[in-house]
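By written order: A, B, C, D and E. Residues from 1 in each chain.
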Amino acid sequence: MSEFLQHLINMLVLGGTYALLGIGLTLIFGIMNVVNFTHGVLYTFGAYIMFIVVHQLGVNFFLALPLAVLAGWLLGAAIELTLLRPLRGSDIDTTMLVMIGAWIAMQSGALWIWGGVAKSVTTPFPEAPLVLGPVSVSWLRLFVLAAAAMLIVVTYLLINRTKLGCAMRATFQDQDTASLMGVNVDLIYTSTFAIGSSLAAAAGALLGPVYVIFPQMGDLAAVKAFAIVILGGLGNITGAVIGGFILALAEELGAGYVSSGYRDAMGFLIIIAVLIFKPTGLFARSERVG
Amino acid sequence: MTAIALKVEKVAVHFGGLVALSDMNFTVGEGEIVSLIGPNGAGKTTAFNVVTGFLDPTHGAVSYRGTALNGLKPHQIADLGLIRTFQRTSVFPNDTVYDNLLVGLHRRGRVSLLEAILGLPRARSSHRRLRERASELVEWVGLERRAHDLAGSLSYGEQRLVGVALALAAEPSMLLLDEPVSGMNASETHTFVQLVRNIRDRGVTILLVEHDMPMVMSVSDRIVVLNYGRIIAEGTPNVIRNDPAVIEAYLGQGATRA
Amino acid sequence: MLEIRDMVCGYGGVTALRGISLEVKAGQLVALIGANGAGKSTTLRAISGLVAPRSGSMLFEGKDIAGARPPRVVASGIAHCPEGRRVFPHMTVEENLDMGAYLRTSAAEIAADRDRIYAEFPRLADRKRQAAGTLSGGEQQMLAIGRALMSRPRLIMFDEPSLGLAPNIVERTFAIIRGIRDAGTTVLLVEQNAFAALDMCDHAYLLEAGRIVLSGPGAEMIENEHVRKAYLGG
Amino acid sequence: QTIKIGVNEPLTGAFAASGTYVVNGAKIAADEINAKGGILGKKLELVIEDNKSNPTEAAAVAEKLITSDKVPVLMGAWGSSLTLAVMPKLMEYETPMVVETSSSGKITTTGNPYIFRISPPSAIEAAAFKGIVDKLELKKVDFLVINNDWGRGTAEDFSKMMKEKGITVGAVETMDQGAQDMSAQLSKLKGTDSETIIVTTAVDQLTLIFKQAAALGLKKRIITTGGSQNPDQIIAQAGAAANGTMHLTTFLPWFPEKTPNPEATSYFIAEWKKRGYDFAGCTESFRGYDGIRTAAAAIEKAGKAEPAAIKAALWDIKVKGLNGDIVFRKSGPEGKESGQSQPNVYLIEITDGKIGMKTL
Amino acid sequence: MRSGIAILTIVAFASVPLWLRDPYLMNALITTGIFIIGAMSLNLLLGFTGQLSLGHIAFFGIGAYVSALTSLGFDVGLPFGFRIVHVPWPPIVGFVLAIVVAGLCGYLVGLLSFRVRGAYFVIVTISFAEVVRLVALNWVELTQGPLALTNIPSITIGLPGLGDLTLRTKLQNYYLVLAVAVVTYVLISRLVHSHFGRAMRGLMENETLAVSVGIDVTRTLTLAAVISAGIAGAAGSLYAHYIRIIDPEVFAFINTVTMVIMVITGGKGSLAGPVVGGMIFGLLPVFLRPIMAPEAQWIAYGGVLIVILFVLPRGIVPSLALRFRKPKSRAETLAPVAFSERDAKEHA
């Protein structure tokens, strides 16, 4: 029983992590329709910025977080301006491949600059965990969970309650018509990509200290993020959050009670099963024919 | 009365709480031209979707020439000869007009996979016949000049013509046209009416949805009027034209001019 | 108000407009008619900046807008209700209307205009929270018209507004268009229902194969032999 | 003019960090040899190629080194799957290879006479550990291993040894290479009734495991195996969470005086520091150093830089390696045996952020 | 003209071993060739039905494992005390079985693709590949898991009157791969020019419309998936018998990415595209290797990829074909922005 409770707590903490990974991608992949292979690199980038700012510049941990987010924003904007803008209007596979190229090049760049040896960030949180009866959880991870929740809420409000969010959705549903409404489409493209990127960097900045930081750390994170976004339905923030928790639950219970070798398989089997029964993710958009 | 081709019985469609169609019953006889009219959102396209298998009705049944269509997939229904066009323009945008029609001729061109891969003579001759037929169709809708342009680059009205040609390419025994003349001017519509008559004369049954009243009145044998998902009137053009309920709900006062 | 001179326009290798000149006077309702593929929609797209003209000039209230990008054109007071509805499919009816008022700031005025549109098209009021992509064709067309009206432009361009509308709604739409002209908004109308368009317009142009072949007051055009034959079906 | 040794290591991809360490160690050996006049009067030249942590590439790289660069002997290829992929090429071109890191038992048992391994397969490690288990008073152990040949091999060989010793083997949990969150596995291990967990994986995952175990309040004894721990990195990154953990290792850079070859160890460590490399990397890089010295010794002994002669000479050399004498014994099917040397294995313990020899 | 170029190309490829003696380059050509076959199979799905399989390596890997296990034999226990003992069969049987089993897996995934399209199909294929990889990794009794299957025999072909020929050397393997590639090319070419090909294109461009004229989605997509997977399985089998060792690393995502790169840079939906893209990205690392640091090689690789797409966004073959062909049709050079395309997207 206490093992089960511990698994549930783990699921909660891991689910928050996954949700955080998912929301940045749901903007770029779900709303912009760019298969963003640089998501993982931006995640890695956020983590390295955190390392540099905390350890090499000696900045306070909590101040470093917004700096990492800002850096992610800038890098995202730069990627959009240089790589995506010239290919606007070309087919989704072409932009996907450009993103693949950027992923390969940037990841190797990280290896070149920082080397392959993992780095870790010291945090101001106590090492002793919070113990609640039979279960325990680290303070750092609780902080990450809270920060993730905050970012999720902010993103949700941004997309669904603001004029900018409305313009974003409109632009990616019909670019020409959005521009006829007076929307500056170029600006929307850049800022959407930048916001999504800054969320990826935020995830890296928060999770880098939880785990360790190395150049390929983003790959697995990106695969999970893709899975989560699709599970929750493209462009749906609430869906991504719920998808994140479902994936975490499947993995926790899979590893705990089936076999740790098939831990990741559980997640993927859930995805396949969900898509068999709800082919457009848990929260489908309504469509019609004719 | 001729034999019944299409029979729609007690069909209802709900989208969540929204009732798009309720208890719809009507029939279309072989070789008839029947029009389905009604205000915007009355459920006409929804009815098309049910008949052609794109939508499963919440209740009710549809049959064509005695075959129950319930549970059949759209392509199976198309195989029975029931072919539709779409209210929104619908073409294969990245293919030429001519290639669009070759895809449309799918039902005709079937040869076995093995024959196709080995390039057997039967596959070749079938291919030649398809090409001839595609050229005929292009000519027939008057798009010869555009035959080798990408369908997606045509103007709105031209794309609608391609849509109709595509449906004809599929060799319908019954054709369901959803607002075929929207986007055409009076003269183009006039030509189109000739076309429709022509098709019918070849033995094709036609079910038409259209808001162009002069066209509907001149071409239909019978008219069914829908409002809020229910049939409110049914009869010959003359009856419908003067039905006060129809005038109230749909035609408006200007219709008396038409 | 709007003055176009010798505009040439096209897509890639295709030339859709071969040098057209036209003029829209403030407060007028000007109609543009022509066969399928004549270039009517392209003209409107060129004005709103969706396609860049290759040559020629285009003045709106004295300012040169040739080659300007759509947001600038829209901000200068032109609205374009595009052909084929083009609603934002995954946004609700209400959000679509709000997008029409994207450049406006007064929330109260926007709300008032929205209510006015719901009053004109009660069908839309019933469907406020429905995703626009699931509306019926005619409902989408109403939404597109309503959305264009939401921007309160000085010049509004309609591309085949009657498309897919039921006869009584067509009547209402034309009444609205006449109404806004009477209230002082300039209108440029592309319409396949040539009779209705010529009947209500102040001035009309006839486009054929990318050229303007005829122009004049609507009533005069209706009488024209060529127009009667080719566009009025009789 | 020069005598070449081919180095086939992962410099990019998942194993980039380790491969780079090994190559750095190899360079120290080559420079040392050249400073002393080279071999057979010629300079030693390392031809270093990146196998991209990818088996197909590893095989291609071997092909390139042998056929275009004409190296008479190779060192490589770090991971077992990389080494296994290279092995058919060695047969094809009859060129020997010194295996410096890979631990899969299969490498020396499939009958490839061109393989000479200086790293201990898990069976040798288990055998070395056998002597100490009584003193550790192990009763029941669980395993948490990386899901590859190395981890699985360790779990298998150690279990066998433990069972012989009458120790109960409980759960065997695995983690994917690259996995970052092991909380689920650790929660499960927290709930079992064993007192010790044997952990086998590379340093990054070890750090995570210690941190996550601490966060879960898991207070069992943890012993790691495999010699890729880099304890200094663990201490730096896992902090207090690393206290109390024990590690089976094959090299003792902290106590040069306790190694079998104190002089060489000190030289190596001094050189390593001089070049500005991370001290933590020593525990992996010494393998590259030993590997090159082994190959060089064989060339010297053969008297010529030819594959067949070097292969024959490898059987006869005795190199004072940093963790014991390198002498190859026969392993695998008769007639086509591979060479396997028997390095020393030590147990160290981390207490209060310091490394100590576990004296038993 | 067309067939002229084809024959010339084949002759050129066939003559390579006559003047190229470097075994390393030959090796690179052979592995590249194997991946090109995989890329051609991916192109059948991506280029002609519009479904991107980002787990295509699964079929390749399954083919490799099936073929290897067939020729090595195995002995596994099943639940309820059953055992399967298989004694080794000739590799050529493994080759055939690889196609069949991979094709069957393609059928399963194809059935799924009946329900999910686009992005959802992408994630289903990724998931499928991951699950297969994890099975290969964890079903140690059958696959040896991470310990790898080693000593896989080379392919042996029975020649009438000449006895058996075992393809051990590079030369022999080169011609084997070339032959399989040519057969694959012809097969795919015939297929996409048949009415199946038109049905696939129709589904890709506007599924609702395609269905309404009687095209059977499930059948068409499943068929494409089966054939595509079967070909990938064949490529996997060639790989296993050439490299002669196989481990779960073969399922690595980067291998799928390599194939995707080959297809899209070369030009998806063009028959020659994967060959051209494959030659470039198969051999690029070989040429980069001597001239720059390992990390820089990858950066250059990514850079070349991006540059090609910037210059020729539709892929090399289609873009060049457009550039050098007389503009036969006036509308060909522009992407239609018309209504129907958007409608198609909405329905997708």
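Operating definition for what follows: a contact is a pair of C-beta atoms (placed from the backbone, for glycine too) under 8 Å apart; a residue touches a chain by one contact, two chains touch by 3 or more.
Here the structure is a predicted model, which is why all the values come from computation and not from measurement.
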Remotest chain, subunit A as reference, centres from CA atoms: B
Pair exhibiting more inter-chain C-beta contacts, A-E or A-B: A-E
Centroid-based (C-alpha) most distant chain relative to subunit C: D
Rounded Å distance between subunit A and subunit D, as computed from the means of their C-alpha atoms: 36
For subunit B paired with subunit E, centre-to-centre distance based on mean C-alpha positions, whole Å: 41
Chain centre separation in whole Å, for subunit D relative to subunit B (CA means): 73
Multi-partner residues of subunit E (each touching 2 or more other chains): 137-138, 208, 295, 297-298, 330-332, 334-335, 337, 339, 342, 346
Junction residues of subunit C - those touching two or more other chains: 11, 14, 83-84, 86, 89, 133-134
Interface hub residues of subunit B, defined as touching at least two other chains: 15, 45-46, 54, 84, 86-89, 153-154, 156
Touching residues (chain side subunit B, partner subunit A) in the complex: 15, 45-46, 48-49, 54-55, 84, 86-88, 178
In the complex, subunit E residues that touch subunit D: 22-24, 27-28, 31, 137-138, 140, 145-148, 150-151, 243-245, 247, 249-250, 252, 254, 289, 294-295, 297-298
Subunit A to subunit C touching residues, read off their complex: 163, 166-167, 169-170, 173-174, 176-185, 235, 285-288
Footprint of subunit E on subunit D - complex, ascending: 11-12, 49-50, 52, 54-56, 59-60, 63-64, 67-68, 80-81, 84-85, 87-88, 104, 106, 110, 147-153, 174
Residue numbers on subunit A that touch subunit E, as the complex places them: 29, 35, 83, 86-87, 89-91, 93-94, 96-98, 100-109, 111-112, 174, 176, 219, 223, 226-227, 230, 234, 259, 261-262, 264-265, 268-269, 271-272, 275-276, 279-281, 287, 289-290
